[in-house]
Amino acid sequence: MKDIQSQPDSRRINIKKVGVKDISYPITVLDKAKTVQRTVARVNMYVNLPHQFKGTHMSRFVEILNRFHGNINLKSFHSILDAMKNRLQAEEAHMEIEFPFFLKHRDCGAAMAAISEYSCKMHGSLDKVDDLILTVQVPISAPSPIQSNEGLPKSLGRWGIADVSLRFSHFIWIEDLIEMVENITCHDLSWHDEMDTSGDSLSVEDMTKRLSKKIADHPHISWFSVTVENFSKNYSTFATLEWPAEGDTFRHWPTERQ
Amino acid sequence: MKDIQSQPDSRRINIKKVGVKDISYPITVLDKAKTVQRTVARVNMYVNLPHQFKGTHMSRFVEILNRFHGNINLKSFHSILDAMKNRLQAEEAHMEIEFPFFLKHRDCGAAMAAISEYSCKMHGSLDKVDDLILTVQVPISAPSPIQSNEGLPKSLGRWGIADVSLRFSHFIWIEDLIEMVENITCHDLSWHDEMDTSGDSLSVEDMTKRLSKKIADHPHISWFSVTVENFSKNYSTFATLEWPAEGDTFRHWPTERQ
Amino acid sequence: MKDIQSQPDSRRINIKKVGVKDISYPITVLDKAKTVQRTVARVNMYVNLPHQFKGTHMSRFVEILNRFHGNINLKSFHSILDAMKNRLQAEEAHMEIEFPFFLKHRDCGAAMAAISEYSCKMHGSLDKVDDLILTVQVPISAPSPIQSNEGLPKSLGRWGIADVSLRFSHFIWIEDLIEMVENITCHDLSWHDEMDTSGDSLSVEDMTKRLSKKIADHPHISWFSVTVENFSKNYSTFATLEWPAEGDTFRHWPTERQ
Amino acid sequence: MKDIQSQPDSRRINIKKVGVKDISYPITVLDKAKTVQRTVARVNMYVNLPHQFKGTHMSRFVEILNRFHGNINLKSFHSILDAMKNRLQAEEAHMEIEFPFFLKHRDCGAAMAAISEYSCKMHGSLDKVDDLILTVQVPISAPSPIQSNEGLPKSLGRWGIADVSLRFSHFIWIEDLIEMVENITCHDLSWHDEMDTSGDSLSVEDMTKRLSKKIADHPHISWFSVTVENFSKNYSTFATLEWPAEGDTFRHWPTERQ
């Protein structure tokens, strides 16, 4: 039925990725407050296919995950990737973890003080060198001039979301990143001032550029991609800015010519 | 308390529901404009378990669905349920179809003229008598005073959603139901007037009662349930009103005593 | 525009439910191993609408949730519901929490030893009396005769899921409930024996009845509903059995007539 | 390192993408049977940010979509992209449409003859030249030796899914692509023969290579990426093969040396 002679030659055709995905797993994240936050992550682990790889080796991914159980966080990322490379004789190892991160603070636009949830993601990879991309999604409320009887801003709904991915040269706390973003996205009243004129300050392009400017100023961030999404009833509008973009030669944020 | 020796007696322990679910299926919906709108539905079909039922009989559900292929709509609902009862020798038959319904109109709060999508659901059942519940979900935009350069309202995000379920004594067009709901939910500017005072007109309870009053006035609606949901950043607030509620004896909407 | 005289009369038309929903919140669940398992729940809290209720009172739901922060579990359910009744002057209070529960064990059908995830739900309500319904979803693997080179069963995919809801007269550990279900759903080889003959042991009706029989035998379970779902490529088949069903007068599982 | 005084210079920092996303929209797909299949797509449209772009221009994306209403398909893709480039003065235009495609056939592994659903995606882009990537997802059933009383194979659940993306030099029918994939993924009985020995024929790597070999043989396919995913209870295993991979110089699939 199938021609044995014409089987693909594994010496030349390599599988690009092989691994496990969508593992729901409890993890710990170190708070800036030095306390350990326990949350639940969705984990993907994969490598480039080593020669002689057999499917049964899949169990090794989960063995490694279980070995680090209770100690899966930003600091152990390198050790896990290293164990994957060795145990699976791979040239390249990847791990992606996605998890809800919780902050208890009166954030702008919330109808009440609450524990806010932020979706976070870390994508670590290791071949010759380490690489780590941190992503945080910060929801943006509809601007509101209203104060409720109990003095809390009244929710006018969901304006959209800011998605920030970055590489850093020195460790950055997730809390600090969230605060940096919310400092831009939470100026409800100033929004309203401008709204009365043009409303342009609410455009996804403007918001994307304002966020990018802020992030580019951070001394420890070497690369970032910002996407701002504005929800309409039946669809969304969005803008994405990446910097430095591929092919960019300059490595500093440009200044206006005077 | 219970007889450990006992074996379930299929003559006395009946399975409550058995059937197929989550079938993705193309259907047609008749427009008020007398044109046929083709969309894709998610279909559930189930019956109470007839005696001697065997699992292999499951194929009969899909046989029936295929027999009505291209002719699945409000009008053929009874025939399909009837076929299910007969073919499966059941005392009771149910079919639920959920589908996106499209309206091309400049709806309030949309940042631009567009084809609006409304999630609709029909749940038909047949034992001795027919029963049909129609559900429509109408998204609600954040109120916006802003006119863009092109004269379209600018989206300030998603305020929430109105979910209306009802039984009717005479046929009601989905379009008319949507219009009835949007007449209440779309008064952006009037919202803003009131917002400056109390903002109460934006509360889910108030919106639920205003919608209920409107729907209760419709001569052909014999029962309804209204849920209004307001999105905050990390959660939602909601209110539900059902009328007549179980146990309600009166069948007319009350008016204030003068 | 709107007739003030014809406003609904809040003395007679009551809102059925009002509250908050879809709050993502960290909670703790007590293990049978007496250790505390930290996970993340989706929380809904609602009451019947008390007279003079104002939307701004919504913040009280989250205030209560925050007050119990770090102590939200089966044992504190009653206290939270009680606080809701009092703080919101409601006649009836409800809280639903849904969360992933993790068990580390070599479960049947898993391609490797792993931490297994089970979706759990608790729905507590309080009017005059307490009521609590516990729901656990147990995934079912496709039966597999294969042993991999490393001696682990090879995954042949997802057969379906068993959804068990129950009320208990005495506390039941989630672990014990899961074990009770998996004792029925995990007999891969016995399945295969029967498969060679009829395969009926894999029908959703048969599986539902076998699970129901087992659960009905438990002395501390006063009511249950079992749904078994079998995944096909494009849809699912399912069967549901509830016992005692509404209207059932007998309270013991029937025995075969000899 | 960075000039704090600096302001972003829109002449040099360009937004990478701006547009609309998640528009639910009715579309038509031409069948191989020369009949028009109507389905519902999720549409994304975006361009690189032209100079002087204003957010209010967002409405132009939907204007273009509405202009092609009822005529959105593979053939009109170029015209839509061209209209986007011109109307928005962009150097680069992208449109992604994702939709369920229906085939009525007795497919392998289905518990009964049914209308099968396949998730399809088209990503078209236009700068100087056209580019189009077609993606089809083909579900894979768990292998089953069982024949039901009605002679239909009994579902043993969902084994996984094959995700095939490709570029073609000549038009390829979606139906032909699906058939090509199912010819590989549907040999239930042959699977069982091999399963008794090693079961390796069910590994994601083996399935990925067998599919790649088949697709590479097609004269009209210039590039492809194949991912095969196998569902376990709590996670998935997967393998991805892309060919020609970046940097590959040869353009023919290698054969074993004799």
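First chain written, first letter: the chains are A, B, C and D, and each begins at residue 1.
Simple rule for what comes next: contacts are C-beta pairs under 8 Å (C-beta built on N, C-alpha and C of every residue); 3 or more make two chains touch, one makes a residue touch a chain.
For clarity, every value in this text was computed on a predicted model and none was experimentally measured.
**Student:** Steps needed, at minimum, to get from chain A to chain D via touching chains?
**Tutor:** When the steps are counted carefully, the minimum from chain A to chain D is 1.
**Student:** So which one's got more C-beta contacts, C-D or A-C?
**Tutor:** Spelling it out, more C-beta pairs touch across C-D than across the other pair.
**Student:** Specify the chain most distant from chain C by Cα centroid.
**Tutor:** Looking at centroid distances, D is the chain farthest away.
**Student:** Could you work out how far the Cα centre of chain A sits from that of chain C, in whole Å?
**Tutor:** The separation of the two C-alpha centroids amounts to 32 Å.
**Student:** Round to the nearest whole Å and give the separation of the Cα centres of chain B and chain C.
**Tutor:** One centre to the other, that is 25 Å.
**Student:** Report the inter-centroid distance (CA atoms only) between chain C and chain D in whole Å.
**Tutor:** Going by mean C-alpha positions, chain C sits 36 Å from chain D.
**Student:** By residue number and range, which residues of chain D touch two or more other chains?
**Tutor:** 23-24, 54-55, 58, 62, 111, 114-115, 117, 148, 154, 202, 234-235, 237
**Student:** Is the way these chains touch best called a line, a ring, a star, complete, or other?
**Tutor:** complete
**Student:** Using the touch rule from the top, collect the residues of chain A that touch chain B in their complex.
**Tutor:** For chain A paired with chain B, touching residues are 107, 109-111, 114-117, 139-143, 145-146, 148, 154-160, 195, 199, 202, 230-235, 237.
**Student:** Can you list the residues on chain B that touch chain D in the complex?
**Tutor:** Those residues of chain B that touch chain D are 23-26, 37-40, 54-56, 58-59, 62-63, 66, 69, 100, 102, 104, 111-115, 117, 148-150, 152, 154.
**Student:** Per the contact definition, I'd like the list of chain C residues that touch chain B in the complex.
**Tutor:** 1-2, 5-10, 12-24, 46, 49, 53-55, 58, 62, 200, 202-206, 208-209, 212-213, 216-217, 219, 229, 234-243, 245, 252-257
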